[in-house]
Amino acid sequence: MATAFQELSLVPTMSVALNLFLPRPAVRFAVLVARRRLEREAKTLLAEYGITEIDPAAPVADLPLGQRQRLEIVRAMFRRPRLLLLDEPTAALSDRDWLFALIARVLAEGTSVLYISHKLDEIRRLCSRCIILRNGSKVLDRAVADMSDDEIFRNMAGRSAVERFLATPSSVRMEVPPAMRAANLIGEGVDDISFSLQPGEILGVAGLEGHGQSRLFKSLVGLQPLRSGRIEVSGTQRALRSPRAARAAGIILVPEERKSEGIFKDLTTIANISLPAIERASPGYLLSRRRERMLVRRVTAEVDLPEQYLPLGVTALSGGNQQKAVLGRALMAGARCLLLFDPTRGVDVGAKQSIYRVMRDFVEGGGAILFYSTELDELVHLCDRCLVLYRNRVVGDVHRAALTQEQILSLAAGHDPGATRTTLVKA
Amino acid sequence: MKKRGFKRLLQRLIFGAASLGAAAAMALSVPAEAAPYKVFLDLSYSGNVWQTEAANGIKALAETPPYDKEVTFKTVISGTDVQHQISDLQSMIAAGANAILFYPVSGTGLNRVIEQGCRRHVLMVAYDSSVTAPCAYNVNSLGGRYGANSAQWMVNQMGGKGELVINHGVAGTALTNLMDRQALDVFHKYPGIRIVAQFYGNWNDALSQEGISRILAAHPNIDAIWTVDGTWGSFQAVMQHRPSRLVVIAGQSNNGYRLAIGDPALQEKGLKGLSASFGPADGPYAFKVMMEILTGELKPTEHNIAYPLPWVPYDKVKLCTGLSFVNGCNVFPPGKVPPLFIDTALNGELLPELNLTAVENGTPVPGATIQKLPPVQYSDNLPGVNCEECKAPSDWLQPNRVTPIPAPK
Amino acid sequence: MRIAERLRRLQISAGAAVAVLLYVLMYLVYAANESGVLSQFGITNLLNDTVVLAVAAAGLTLTVLTAEFDLSGIGVIAIANVVVATTSAGPAGWLVSLFGVLAIGAAVGLLNGWLVGVLRMQSLAVTIGTMIACEGVALLILAAPGGQVADSIANGLTGDLLGLPVAALIILGVLLLWFLLAVTRLGIALYAVGTDETAARLSGLAVRRTKLLAFVLAGMAYGLAGYMLSAQTGSGDPRASDGFLLFMYASVAIGGTSLMGGRGGVFGSVIGAGILTVMQKMLFALGAASFYTDVFSGLIMLVAILIGTLPRVMPRLRRSVA
Amino acid sequence: MAPRVTAATTEPSSEGQSTPPIHRRINPELVPGLMVLVCAIVLIAASKLMNPGAGFTQELAAVLGTSIFLVVASFGQGLTILLGGIDLSIGVVIGIAAMMISVLTDGRDATLPWAVPVTLAVGAAIGVVNGVGIALAKVPPFIMTLASGITFYGAGLGFTSGLAQEPVAPALERLMNGHWFGVPIPIFLIIAFVIAATVFQNGTSVGRKLYAIGSSPGAARVLGLPIGGLTVLAYTLSGLCAAIAGLFLAGYSSAATLDMGGPLLLPTIAAVVIGGASVMGGRGIYLGTFAGALFLSALETIITVLSLSQGLRDIIEGAIIVGALLAQGERWNWFRR
């Protein structure tokens, strides 16, 4: 049996080759790990799986998330296990066809695959049989062909997913100054990016893995320095040099790495949520638990987080509920402009629905959202507008009416003739 | 030339890093090369009263005429780590020392480096504690048999019976081991003496005070406490928990303690104290011995030289009015020095060059000049403590200053 | 580039490289200010002074790499010292006591490793406990300084062999063993476990066994350090290693090993031990006043660490410029 | 198998969740502290059994009275460990504070009103130096505090040559050695300090932020918590607590030496960790540390009273520390599950 985990299990400081062959890398003279041989073998192996851009000697930490996900998958596959367990393998993967072809190959070789996913189309495309789990118990076990989409969604959440999400009319307010306007931002991994975000708008950001989206989001809240450019918030120019300054300006980031940057793992859920408003909950520095509960209750209702989870340690919660807590905290911080970086990654369908609804409510209340997602259908269905990044630049700004997955993909892959030219000039 | 510039660069680097202009200026003093003798003092440890007073006394002597002209004197602090002290002693030998006075961290661990020094004709003198290397001189009060004498004195005061607490020094040191053996040998002769508790106060007053406090809670009726150091702390604990009924006690010579045992009001409450343990003055005394050997005035026949054991029982306490011990006075009035000040840093007869200011600040007494020492006394040989292959006197466990009361048969 | 790559493979970090520079610098200053430094005698002395700390710090590094604390080292050194002083007499005494101290070190390491690696207790507190207990054992074996270390050890290990100081050979031997270890599966596992324990476990590495082995090997190194200390002092002293612990940690840190685990290596720690030793000599040679030696030691330690962290920060800066 | 799935199974189901099971009602943070407190009481009772002559209350008073220095100093240590750091300069600061107070007061009570604040300020200032080095220069705490400890010890030695030449103010001595209503004053001080410290750590917004930073520095950064400032604050408080412990110690011993804080350093760390804190930060409460300090003091008492040789004492002490961790560790895991 081999497993490719959703939370990656690669050791960041070690080379690609070593990671591939852990835990028992080949040795020579009985004890010495044969690094050079491993690297050679890794190169051949990766090529076999259609990966040529990864240097086997490079430390994993230097690779973007998508490539790490590929490594994780290759590592699980090349040992030819009898059972292959893939847990949300496409969460950080932009090129799904690569994975699907590989799965077809191992299936042909007689391997059984257990494929965990929240994406219906993947299930339909790959799986013959499907088990649905909800709250830790099995609720359905049937051949995929016999099930309708509705049935699957109903069983997963009792609600339907984003395709079924009621597309509410846009609530963009054009008459007021933009909630956030970025002009010619330049920094590491951010190459001359400009955009404007109106109150009531959900502005999507699309891009294949490693095309600058992560750095853009970090730059906007001051986690990463910008070399030049201007940011205006509600019409006035602000220097957002730190997340603190961004918070003061009402800009809150919901970060990519929930485990290390989102939750406070040793704190209870309520303490996780109340943190930005902890001063309000503690008159004269003394913490009032009653006041804290009151403040938190207001937002837990908004993000659909059941109240009985509040006193529990946050790590006892599912990924979806953790993400709701993080969102709740963002609301608690008084966000007027939310930067959501792939907020539905590793989140169950029910929680996804809640997150979509929170987003909708938020913009209807006059907030603005900058929204990156690896799931194109989310972008297509939720955004008023979508920026497409390619090589750290904006190569497309597609309006809701024209927004399709194909459109995004072709822009993101650099197929737009205009974009190609500019990148060529740069190269 | 190149090296010079390099050195200057690095020095500047250190200066820059230190950014303690004043401290740095004080620290990098260049020794003058005029004096004929290059003498080093290697302290093992510093930061407590005993070591500081000994070091200050030595430093003051080194600046007292005529030594101020005769020696280039330098102090190094090696800490409690044997390896460190070995390394520092090596440095001193390599730096061309004529003589090294040192407080040995270990009685045996330094032997190899000591022999290295002797081979290069460096005069090696250990003070207070001792080394077994045969070529080094030891100057201390071991011959005073503190363990046997103080224990016997206490037994006599107690009338041969009562509950006793033993405050050992630092476990694993030769001195503690030796003193314990002598004291226990005496105590065990008297079946009426019951040792109800023993602990290791590490020669530290705060730890001793805590220890006695704990013991008093468990054994509220103790009659006596035997200590080597940590005496003031032990006494404080008794004053704190049982001020109406005090104890028979023997130990170090802290000023506060001496004042207390000499206080008739406290004596009425049962306090009978002896202030006798090894004095910091054995350091300055050793320095004078070393200088006399170096200048050829003294040619000792043996290597274990005795510094007379200070001995002040409660009826011999006498208040000083000035800054030095004259006319047999041996304690300073309260407020003049802190209670932890160890009076035996001074010695009116053997070290008339020193006074209170000298041992407090390490400055020479104005107008004082070095006086020649009276003939030196030699100490007991104790195998494994101050010599390797030697024979201890047959009576080394017996008291030689106090007459024992008859032990019950 | 090739050299840099090779160094990286031997786990010689940029921090360690800086430490080497610092060492050379201090050594030059020391040599410029004191005669006889470059003589056979001077070199042998310096190496003898370094070897105990170097071996002990080498052992400590293994546990630090797995992101655990190990304060038990001074306890093991104390036991080893008194054991050598009480058992090394006789013709084969040197060998018996060598295996004896290695076995004792391994046993203490096994206990630590079991409590920390297998029972998952906090290493900081556990090793405080075992350190105190080990010091107690040392005091039981030898209540006061004494005993006799066989001349074969005392003279053999502090002198020269084939024209080279034995201390140098020991240090080279430890480094060689380390470079071998670094490229074995165990060595790789040490780094993996220290970098990311969860990922290491999910990758199929035996985290518990790795930690256990790290502690055992560390214990054996402490045993060897105690053996070397005995050779130097020629006798037993249950308190000989007092005050050694902070120097061990300082050596590891100055050598560029991260106390968070997963980064650094034994080579750096050995250099760190060398720096601390030569720093003491250099300050002596420069004539720093005794009371302020500590001030300089502390500051130099800080400067060494600060310089050591620069290479880790530099690439990030450079990347952000490019 | 996959983390997410296991997480989902441990989560209580959304329906029919009324009262949590009993072990959820005890604050899991309290458990290690309670366990250790029980161990401490067992130790005191055991020493009573061995010495039937002694009174339980005297034993308790002795344990409490001698624990005050550890109780105070380990609070600061606990704050730095809460942030995932450590403070190895505590012993030195205690010594420096003790020296300063006796030098500044010169045996007179009249000088106390300014001498105490100055001494405390110096302790806090050393903490600030540590904090700034750690927060701004990014020196690892272990090294920063180790190096600053060595440096300041050297400076202290240079200025004072290791011995305070003035006696301690009598008022300070009375504070540490006196009684109120037949109860030693230090016990009142301990109670006041424990209340203040607990309120600070677990009942204020600042305390909560310290937990957050220790728990996840990454998330704290994204959220924009003032990490640098609070790190400096934690080390400053650690220096301050060490200085208070130094004042108390000087008063208790009615004298001061520079090295008097040294024996307290390791026990502060042990008290914090035995009390259930994690050295990785983010976990542990002061009541646990307090219990740990009492436990160590009780252990010291019983070992002193046993009158064993130092070797045996050390072995027993080490074994009991490990044993206490062992007992506490298993419970801890059980409750967290």
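Quick notes
Letters are used for the chains, namely A, B, C and D, taken in the order the chains are written, and counting of residues starts over at 1 for each.
Quick note on the criterion: contacts are C-beta pairs under 8 Å (C-beta built on N, C-alpha and C of every residue); 3 or more make two chains touch, one makes a residue touch a chain.
All figures in this text were calculated on a predicted structure; none of them were measured in a lab.
The minimum number of touch steps separating subunit A from subunit C is 1. Comparing the centres of all chains, each the average of its CA atoms, the largest separation from subunit D belongs to A. We define each chain's centre as the mean of its Cα atoms; on that basis subunit A and subunit D are separated by 42 Å. Centroids built from CA atoms put subunit D at 34 Å from subunit B. A separation of 30 Å divides the Cα centre of subunit C from that of subunit D.
Among the residues of subunit B, those in touch with two or more other chains are 23, 26, 46, 77, 171-172.
Annotation for subunit D: residues 153, 155, 157-158, 161, 278, 309-311, 313 touch two or more other chains. Shared interface positions of subunit A, defined as residues touching 2 or more other chains, are 3, 5, 7.
Because contacts link the chains in a way that matches no line, ring, star or complete pattern, their graph is best described as other. In summary, the structure contains touching chain pairs A-C, A-D, B-C, B-D, C-D. Across the complex, subunit D is touched by residues 69, 115, 119-122, 124-126, 128-141, 143, 246, 249-250, 253, 258-260, 289, 291-299, 301-302, 305-306, 309 of subunit C. Against subunit C, the residues of subunit B that register as touching in their complex are 3-4, 6-7, 10-11, 14, 17-18, 20, 23, 26-31, 43, 46, 74-77, 79-84, 86-88, 90-92, 94-95, 106-112, 170-174, 176-178, 384. Residues 23, 26, 46-49, 51-53, 55-56, 77, 168, 171-172, 195-200, 202, 204-207, 209-211, 213-221, 232-233, 236, 239-240, 256, 334-335, 337-341, 360-362 of subunit B are the ones touching subunit D in the complex. Looking at the complex, you find that subunit D touches subunit C at residues 88, 133, 137-140, 142-144, 146-155, 157-158, 161, 266, 269-270, 273-274, 278-279, 309-322, 325-326, 329.
Every residue of subunit D that touches subunit B in the complex is listed here, in rising order: 47, 51, 53-55, 58-59, 61-63, 65-66, 95, 102, 107, 153, 155, 157-158, 161-168, 177, 249, 252-260, 262-263, 300-301, 304-305, 307, 309-311, 313.
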